[in-house]
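Order of writing sets the labels: A, B, C and D. Residues in every chain begin at 1.
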Amino acid sequence: MVETIKKFPTEQLKCWNEAKNLRKSYYENYLNAHEKGGVRWAGGAWSFSSIPAGLGEDVYSLTGEPYGATIAFFKDFTAKCHEATEAAGFPRTLCAYMRNYWGSILLDKYILADGKVIDEHPAPDFIWQDHICCSHGKWYQVARWLEEKKGKKVPMYCVDVSVGYPMDKPLEEYKINYIFQQLNDGVEWLEKVTGREYDDKLLCEAVWNEINATRLWADICTLNQAVPAPLDEKSMYSLYVMGTIMKHRPECVAFYEKLKAEVEDRVRRGIAAVANERFRVITDTQPPWGFLRIFREMEKYGVVSLGSLYTYGLIGMWKYRPDGTWATKDLPPRKPQTREEALRMIVEWTVDRPEWAHFYLPEAKTKMMLSIVKQWKVDAVLLHYNRGCEGLSVHIAENRHGLVEAGVPVFPFEGNMGDEREFDLLGTLARLTTFFESMGLKKLRE
Amino acid sequence: MICLRIELRLFVGSEKYKCGDFIFFSSNLYNVLGSAYLVEEIFQKFKDWIDNRHEYAKEWKERTNRKIIGYFCTYVPEEILYAADILHVRILGSHEPPTVTEPYIFAMFCHLCRDCLAQGLKGKFDYLDGIVEGQACLHLRQAFNAWRLHIPVDYAYYIYVPHSVQNPHATPYLAQELAKFKHSLEEWIGRKVTDSDLDRGIRTMNRNRELMRKIYEYRKLDNPKITGLEAMEMVLSSQMVDKEEHSKLVEQLLRELPNRKLNRNPGARLMIIGSEDDDRIFMQNVENLGATFVIDEHCTGSRYLWNNVSPSEDRLGAIAERYIERVPCPSKDWPEFTRVKHVVNLAQEFKAQGALVIQNKFCDPHGIEIPPLKEALKSIGVPIYPLEFDVTVPWGQFRTRVEAFLETLTGLEDLF
Amino acid sequence: MSEKSREFWRWREYRYTMPDMDWHDTKVVTAGVDIGSVGSKAAVMLDGELYSYAAMRTGGESEETAIKVMNWALEETELKTENVPYVVGTGYGRVNVPFAKRTITEIACHARGAHYIYGPTVRTVLDIGGQDCKAIRCDEKGKVMSFLMNDKCAAGTGRGLEVFTDLIRVPIEELGKTSLDVEDEPPPVSNTCVIFAKAESLALLRQGRSKEKVAAAYHLAMVNRIIDLLIKVGIEKDFVVTGGVAKNTGIVSRLERKLGIRPLEPKLDPILAGAVGAALFAKALYEKEIGLR
Amino acid sequence: MITAGVDVGAKYAKIVLLEDAKNILANAKGIVGFDILKSATEVFQKALDNTSLKRDQIVHVVATGMGRKAIHMKPPINAGEIVPEVIADAKGAYHLIPTVKTVIDVGAEEGRGVKVGENGKVRDFVINERCAAGAGTFMETMARALEVGVEEMGPLALKSTKAIPMNAQCCVFAESEVVTLIHSKTSKEDISKAIHDAMAGRIASMVLRVGVEKDVALIGGVAQNPGFLPPLEKELNTEILVPEHPQYVGALGAALLALEMEAK
């Protein structure tokens, strides 16, 4: 039996194309950095990207996870990448982004945001990474090893941030200091490997940009508490990504300011992301990128996904208020003035990143997800048992427990963010609709 | 002496091992039976310790009424636990499909972490007063957390051992982590851990590692005096029993080993490489195919005992230094591949002809290093063959691969 | 026998003796017995030339099978097992060949057997067995240089084909031909697990796809997995396929199309490669034993 | 009032004709061929013939099972509603065993665990993903490797007391282990037991994801296998109830749902 319900008004996002263009030019800028006499570096989306910014205005980066995800969008290229890494002798159970990335080096091909494949993988001038998940440091260590086989020596610096996460008290000073010292050495290292003089002013700017960008994104996510939700997870993917590729850049801050204004306006006018919203869900980790149509299937049941701990907390910065609500983290009292101040500020800003917390404590992730469920008026949670990412699916079974015990309906599904061989679309859809029907939902008339 | 003697009787029990408990004190028995017999008894003892590890621990606890702590990873500074008069035993699996862990750990995490947790959930380690983990990988961290949340223990502590062991700030940082850990231990056991306690811990651990390393020397001989299985059982048992007691036995072994005649053809000289490995049946099966494991690179083997603490006034600093500079777990070994270099040295020192790489399915840090490892070993003429280990090992399949690998190393040349 | 209960997967067992050969005037009679997980083969050789052979299904009792297949190979030759001075056992059940003096792995035997069957130019051997798939690199003497075996997945094995052929009710001997009976290649079945690949194929059939199309999809998936393995081991010409599946044109021709390398034509039944290799090793071993080499 | 439930599974179609939630007038089953509608219709007709009822005497038909869509609104069966298996399972099991809290359904290609709430509603459920080791087909593949009939497997297993750990993450991986055991001359009884233990372990670990609450019921085709119950009870360490005709529980649930829908 199919049902019909009243529909909310919808509108295409105005800054949609701007988002697309920012992403497009990002990959091109990295590619063409040298033509403009610029510097290009590679590292993770979580690396302290504001530090290399002190090398000059013409410093461009390629962050690994978004690049791995971009590859995952284009199944043929992904398949080639996996074939290449497996042929090189790497197990197929490794991080899927990492295998995509290595594959791109092994094939010596580079893919742009629109899927255009270019010959020759542009090697970075240096690698600037951080390490919290077992694969972070290894990822670029191998990337470097592969480049070296092609005769390119790439220097690598990797900051260890695996100092833990205190549930309720602030992190001890010696832990903050451990990271700070590494960054401090890092600045000198950057000068050494690039032969450039380091500009502390640019550093302070970049740090302040990053702090603002990551706050703005949290604000935007908060707006999704509204009914109907102004944004859905699928479109958020194209928006949060700015924070993963250029969180320290002024363009990012500017874009998020514009976006925030637009979303506020949507809320004011009751514009929905999904016209027939009537059941609100969230997910947790990265989706199987090649199969975003699951979200379309969900809409047929009037189900909208408001986002995920991943889209909210990967780069958005949050904290618990005294009243127990989860909200945007407060802006530090003033913009940093010196290198020391800037480095300390960014360390203290970063250490309680939501997506880092649950690397250590399952309770932390459960608590945050429960807050989202409550504050965002969520009806059910979809947990992606993501075979492609150890880091974000660590403790996931515990989270399932925590949510179920708190009375939240949970739908766990197995998949892989970057390796389509490990995602069974038809089977998952069948189980998903079973879940919705067990929730008493029926398919809606088109 | 006396108490030791009784204790051994208590748990060795059966007639067969009677002479086992005289090993330490009675040389006249040795004169009667000769060293050969003695050596076999010692190896038998290592086996028994492994097979009866839980009985041993319970008995130890009853006798000493001291605390026992289980640890998951060799990054836990045992020196400090020893100094606190705590028996520290390593938590390992049973190689039975871990059904009970499904609700707590997603099955894409390695079988070791699931198998360890399964042991806890089944109550096999019900004598533990606490658990400690020294940060290494996500997998064991998950086992630690699930244990903390679902299995009653009085004490659970996670040491944030730094990942970036190649960076100069790691040692002082770890020293502070260790101070914090020591403090929390003191609160738990209700007494201070003094410098002389720490010295004792360091001494005891160093001695045990040193003795086992000396035994490893006998694996370099053209006809090794000890098989890979025996070496594995020696090191495994050292992670399960009181170090003093273990050292006494290894010391004895060290005295007797030179006279040992192993009447077996060593066959191909193999190296075995991987993360945790306590699969004794696999070792035995492979060595029965006409090969000998002359060296290993496992954290249940050489990696565990290769480095010592160099004592200094700053005890915790010295201990920290040892854990930062030890042969690293691949999860901590970047940006340089120092472990790969170490493996190459081992292969040369111990004259390995080929290497089997045991890849515990889903262990990313070790899996990532296979190609660089392969390249490095190939450059010194040592071929490798990787085998993916899961909770159970399909020997039928592996037998063919291993035998064929051995055939390429030796065997069939003269038949063409 | 009703359509349903007919066992399409059960392939025909057979034996053969070279009519123009006589064992009376030969120096060395040896044999190789290859007990695979699905099929068992025995090859008897006279001075290193194939004389008589048999191939049958491996029963639940491999020792029994070994005796059966050996006797069957010797049938019509007046030879008895005890007249064969040296037998080498190979294959999954090699340890269960009671009359074998020595066992050698199927890896080594297939390489050497391929060298005999296809000649000295062979460098890459693909053996698709009942439940595993081996990619072997060898030298001009037929000696193994390196090899890989598939990881516990039957999607690329004979057993997988048996399950499948039963599903679409086509005798296994005709399966390959059937799969080629399509104008254009359909996408491969997506599942690597043999059971799910079967389920997926069933779903396709129920959607009204023809047997041929579904067979093509299944074969394609199987070929893709096999190619993964070949890429890993590094394929070098000449390339040959041994084992029962070598007779499946649906597999072989697709391999050729995808790799752009034409596998050599066998001079003999490629299912015998393992047994022949074993018999050749037996010859060398026997000659050593009696001091001939 | 007479209603019907049709459960079109991966292998068999099962039909239950029900009168007023009380007495089952007929149940019938038949193999599902390539043409689902045709196969289902044949079985449906068989059920009608057994009771000399006509289609139009049946007020409402509800279909479930992976082939349910094929008979939705299609004559002659004209199933008016389709529901997922877990919903039908919970309903049917609850009707037969009102105290049931956990239902385990093991069919040809799927294993399912369902937490049952008040009035037979689904509280939570889990379905095996991507691995068939927890399903009936697994047993068939193993039976072939052992060269015995699938119906012999259970009885064989019951004759053994040996425990051989076997990894059933993948049923083919398991098969190589089986072949290895055969070659190492392990008895068919012991191997068969190892297979059942492995499969039970697989199902248990899946069901444990949703948790096991008494009473526990086992339904579906595999429930008829006597060798499967003991290891499953051991793995979950709880007593497990098997209703009469476990294969028809889904169809019964569908028939009951049909009745409810009519009542509304």
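The definition used in the following text is that contacts are C-beta pairs under 8 Å (C-beta built on N, C-alpha and C of every residue); 3 or more make two chains touch, one makes a residue touch a chain.
None of the values given here were measured: they were computed from a predicted structure.
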item: For subunit C, the least number of touch steps when starting out from subunit B; value: 1
item: Chain pair whose interface holds the most contacting C-beta pairs; value: A-B
item: Rounded Å distance between subunit B and subunit D, as computed from the means of their C-alpha atoms; value: 46
item: Interchain centroid distance [CA atoms averaged], subunit C/subunit D, Å; value: 38
item: For subunit A paired with subunit B, centre-to-centre distance based on mean C-alpha positions, whole Å; value: 39
item: Residues of subunit B whose C-beta touches two or more other chains; value: 102-103, 388, 394, 396-397
item: Residues of subunit C whose C-beta touches two or more other chains; value: 92, 132, 152, 191, 196
item: Multi-chain contact sites of subunit A, meaning residues that touch two or more partners; value: 89, 397, 424
item: Subunit B contact footprint on subunit A (complex, rising order); value: 88-91, 93-95, 127, 131, 133-135, 137-138, 140-142, 144-145, 156-160, 162-164, 172, 174-175, 178, 181-182, 185, 359-362, 385, 387, 390-391, 393-398, 401
item: Of subunit C, residues touching subunit A in the complex; value: 190-192, 196, 228, 231-232
item: Subunit C residues touching subunit B - in the complex, by the definition given at the top; value: 92, 104-108, 112, 132, 141-147, 149, 151-152, 281, 284-285, 288
item: Touch list for subunit D against partner subunit A, complex; value: 66, 81, 83-87, 122, 124-127, 129-130, 209
item: Complex contacts: residues of subunit D adjacent to subunit B; value: 165-169, 173, 176-177, 179-181, 183-184, 198, 201, 204-206, 208-209, 211, 235
